[in-house]
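Going in written order, the chains are labelled A, B, C and D, and every chain counts its residues from 1.
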Amino acid sequence: MKKIRVGVAGYGTIGQRLADGVAFQEDMELVGVADLAPTLALRALRENDMIGANGVAYKLYLVDGADKAKFDELGIPVAGSFAELCKNVDIMLDSAPGGVGAKNKENYYEKYGVKAIFQGGEKNSVADVFFHGYANYEKGLGQEYLKLTSCNTTGLIRAVDALDRAFGLERVAITIVRRVADPGDYHRGLTNALQMDKAPSHQAVDLMTIMPHVEATGILVHTPVTHGHIITVLATAKDGKKITREAALEVFEAHPRIRVVSIDEGFLGNASLFKYARDLGNRRGDMYEIALWKDSIVESGDDIMFAINIPQEAVTIPETIDAVRAAMKMQLTREEGTARTNEYLGVGKFKR
Amino acid sequence: MKKIRVGVAGYGTIGQRLADGVAFQEDMELVGVADLAPTLALRALRENDMIGANGVAYKLYLVDGADKAKFDELGIPVAGSFAELCKNVDIMLDSAPGGVGAKNKENYYEKYGVKAIFQGGEKNSVADVFFHGYANYEKGLGQEYLKLTSCNTTGLIRAVDALDRAFGLERVAITIVRRVADPGDYHRGLTNALQMDKAPSHQAVDLMTIMPHVEATGILVHTPVTHGHIITVLATAKDGKKITREAALEVFEAHPRIRVVSIDEGFLGNASLFKYARDLGNRRGDMYEIALWKDSIVESGDDIMFAINIPQEAVTIPETIDAVRAAMKMQLTREEGTARTNEYLGVGKFKR
Amino acid sequence: MKKIRVGVAGYGTIGQRLADGVAFQEDMELVGVADLAPTLALRALRENDMIGANGVAYKLYLVDGADKAKFDELGIPVAGSFAELCKNVDIMLDSAPGGVGAKNKENYYEKYGVKAIFQGGEKNSVADVFFHGYANYEKGLGQEYLKLTSCNTTGLIRAVDALDRAFGLERVAITIVRRVADPGDYHRGLTNALQMDKAPSHQAVDLMTIMPHVEATGILVHTPVTHGHIITVLATAKDGKKITREAALEVFEAHPRIRVVSIDEGFLGNASLFKYARDLGNRRGDMYEIALWKDSIVESGDDIMFAINIPQEAVTIPETIDAVRAAMKMQLTREEGTARTNEYLGVGKFKR
Amino acid sequence: MKKIRVGVAGYGTIGQRLADGVAFQEDMELVGVADLAPTLALRALRENDMIGANGVAYKLYLVDGADKAKFDELGIPVAGSFAELCKNVDIMLDSAPGGVGAKNKENYYEKYGVKAIFQGGEKNSVADVFFHGYANYEKGLGQEYLKLTSCNTTGLIRAVDALDRAFGLERVAITIVRRVADPGDYHRGLTNALQMDKAPSHQAVDLMTIMPHVEATGILVHTPVTHGHIITVLATAKDGKKITREAALEVFEAHPRIRVVSIDEGFLGNASLFKYARDLGNRRGDMYEIALWKDSIVESGDDIMFAINIPQEAVTIPETIDAVRAAMKMQLTREEGTARTNEYLGVGKFKR
């Protein structure tokens, strides 16, 4: 079988993990990654002799404006230009800074006839479809340009879509307790403060774009932590149907990308999950699954309320890989597409 | 008019503020405060020559087990024993550590026939009535022992009770983004972590004790900050009635203990409110009012959702003073009782 | 006695406290404060009917570019323009954002012949003398333009100057554990990270400008807290003289602006001191004194090492008031000048 | 060659990493790990089918008081009792909670004639020698019981010992900016506060135990972060000899366990180093090397001052492996012993 050739634009927090995600797919080939400057991420790759996940060699291509001399000086080998990368791939995963993706599309992807998947930082208009592997896989089939939901929305939709398929939802109201920065971020931060966003949160609005039959709203509070957002969700079924705690739990436990945990087991909060991923020895200490606290599920009238944890650095990787499968028509149904992604990423392994 | 004589047991974070609150009441006399050890709070009082709020001299009484020699050594004058304090008051405000209040009741208050108001750390069984100045003032009239709601519940009920009186509520679902420690706390803390409590949160359960006609549930997340809890509330009216954003806002703006603020004014989060109270020159940098973000109010179907800020150190003081008024039958209605408290504390002054 | 007429440019964190500091001086008159926009600080002043510290009415003047309509809309009374303020004062305390002070000097202070004291954010070249009330008071006598040391340097020099006068120093090496933001700051922050500055820290360099006979260097580490910097100091006396722990402690205990504290008393860190200032009922919860931990003082060979706490919001106020006294020749010696400041601010009261 | 058989007591933060460290040594065999309860760490091991670092199967032995039924229920296979583990090893690495190691020695290690290496939480009296791989390797040769220095002291001594061997030191004065908890810790924490320890810090005292010819003192400040301690060191050479910045840098750059970094490269603080270790794909996101900021090195008179970063979770692993080599006489000199450890752990690889 011919492997799908994939490139990654931007080797930052998301880009590194996209490259790893592709490297784990047996039916994809990571042609290379592109970046502008010799960041810590690239210095780390160099320290590993340019070997990334799964023993795969990562080739580096430079985008316009990059100073190759700086890379030479540090002994970071350069394989070519961004244009050369684009010419050699079937599809690009664009994790460049917000707004750059749209320019890349205009200057490169359209020119070279390469498909592209954009991350949440781009405007929706950059893409033909706003995509989520579980919620609307089929809409992405054969499309040229897809945009992924942001980290919070991706994780949130996993849980909401699962309930919707089981019970039929008409309304969700969410509170996002947002981590304000990633580990290692120095360019943004918050110190001893909670910060409000104006309601409704964009995540609720984005959810409605993907799932237009559900009315969603929500409030977002930034908190000075780095290890995962926590979202509380209140979900209402259609037609006054009641969702019981037991029925909801059953749905969550069946989902490969939802890890049902409990406080009694020792999962006290987002930091326990970060630690657990490190204890697992996962590459970069990452977790692809969202967690859902069993002991947070409560009934409120006929509605169901619960809390989930979103590991912001890695959570969008599986759905992005799904997007490749949809765009390239590698699998034609959400069941087959997501299952293949899960298999190669080891997602849901814990369920066995 | 004869002033009601009030004592305070425990001169900690809450006790200091209760003493100040009493000192501001023109119809109450602060007979004294009681404590066990020469804490920083008492050293600070000594540095001020034992003069507290409003120019009032605070007399110190020692509880059982206190070592008077330590106070003498530091030049902290002692006025007498806890029993002597109890003999000289009409009512005690008990802010001793959780569980000690019940013992004080057994060993002193019952013995000396003195009424008492307990804080949220005691069990409900310590009191005849679980009290909130706005929600059930009349239930406290003439009672011997009252227990206040905790800080979160006190602030929460202000907003929920106001909506309930205006629209008639049947359900609330809350998410508490809890500050984990007070400024200056070293005995508890959380570092770069969010922490889950098992649902439902006790605040939701407590709300139902005070307002049994409302079904309440909720999820609590601890966050590593010190300047105020933030609670999101989803409220549902009875009989399928819709609560509009405008109607809710009008209710909140009319409440003397709710400060309606907005992000655009500069109130970005709980730390802005803490700063604002300091900018006001408020004693101890405290705020008695909860804040409610105007730009957090959103409609969710027929329900209304919004976010409030709870200044945990001072929020229960007004309702505790209300409790004195109810227990001593100083005013016979919630309107009169709370209005007098507000007047002397300067609460709601900003509304004019 | 005719009072010295003082204005304050910029009513932010420092400006508010400068205005308060002047309001406490019986031989100074606060003519007014100037600012650009209706900040939270000005809204708070309005909520207090424009009454500030010590019962003094604060008049507001608007700087160039201010939109008076916005103030009118909020009911914040405006007394006049910045030029009018400058014309009515003997001296301006400039706490405008860094760099604006230099423009104010050029456009106003020089034009209207008004003296000015700048804060640490301005370049040294803006002033005739880089000033510290205890270290070089006499250099400021009668000068037109003085610049204060920054918060860390002001507090540091108090301790270093005291040792220098007692023992004669030749070297200090410092480590600054810096608080990264003030309470309420949302425009800067750090989350779960320590951050390095390039050595030597500017505070060490600034110390040498004020005390050129001492060789100073140091390393600064930013930490995600808001309540006070902590500095460790290693001090070396001239000519191989030993400084004993006892001798150093005696020097520190004699200084009115140094509060000697201990862990055993309950002063566990910077947050204890912030809490203590609030427990004292100090306006805005501020403290003018630095704290010095008695149980941090250790001998290292012949050198002495110790740790101090710098309450960054208020620490420069006394030395700025000293600067007014020097510039206006109100007192001609450091002893008299600083004593008068201390008396009116209540600094060192705890020493009695 | 017969491999040295090693067991690990306690599979917590340190124990997991000791097990990994042994698994990487080609001349050692990890016989098993022992613990009491089915912690998250053991659940994670189970999720990986009990496969740990380097593809090695980790066998679990239960200590006294463990409830085997709980492990059975979770499907965590148990290989035997702690006594059985002790009987099958040449040497135990004891990372049990502080104080338990001493009991293990009494009840097991002495009984079964097995050597043991204790971590910093035990009292010095538990061991024959207080050990550091670089500073006193030869003292550990053939000893029965060794105790490792704590994380801060281990990293500190790497740098101080290197300077001492190059220049001959007589004094160091340190300031420890301590991370207060590890990622995932919920049992301890600090929120918006710096906390002082009484001086001198135990790390300075411990350094003198290992390097008695150097006078050491220091001050420790706890900070609310999780990703690595930062220590500033002022070092003084004997006999008034000057240590230049260049000479010190050369020494540091030659040390395999010291990673010289700079702010300009992007290493802004402890969180950058944590991120870098994750970017490297290191197991658990760990780093064995301390980092030393090139741009923190400054001269102070004849002394040299600099700052280092201590990755507290993993820093003691190499020196503990060194201790096995010394105790078992696998290599007879520090050069050979540390070199072999470094080779198998990949330490210093970045130097090539």
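FYI, a residue touches a chain if its C-beta (ideal position, glycine included) is under 8 Å from a C-beta of that chain, and two chains touch if they have at least 3 such contacts.
Values in this document were obtained by computation on a predicted structure and should not be read as measured data.
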Note = Farthest CA centroid from subunit A: chain C
Task = Identify the chain pair with more contacting C-beta pairs: B-D or C-D.
result = C-D
Key: Centroid distance [mean C-alpha coordinates] between subunit D and subunit C, Å   = 43
Query = Roughly how many whole angstrom separate the Cα centroids of subunit B and subunit D?
reply = 48
Note = Where subunit C touches two or more other chains simultaneously, the residues are 183-186, 191-193, 195, 224-227, 267-269, 271
Ask   = Where on subunit A is subunit C touching in the complex?
value = 180-181, 183-186, 188-193, 195, 224-226
Query = Which residues of subunit A touch subunit B in their complex?
reply = 170-171, 173, 175, 177, 179, 192-200, 215, 217-219, 221-228, 230, 232, 234, 236, 263, 267-271, 293, 295-301, 303, 305-307
Inquiry  = Touching residues of subunit C toward subunit B in the complex: what are they?
reply    = 16, 39-41, 43-45, 47-48, 52-53, 182-186, 191-192, 227, 265-269, 271-272, 274-276, 278-281, 283-285, 349-350
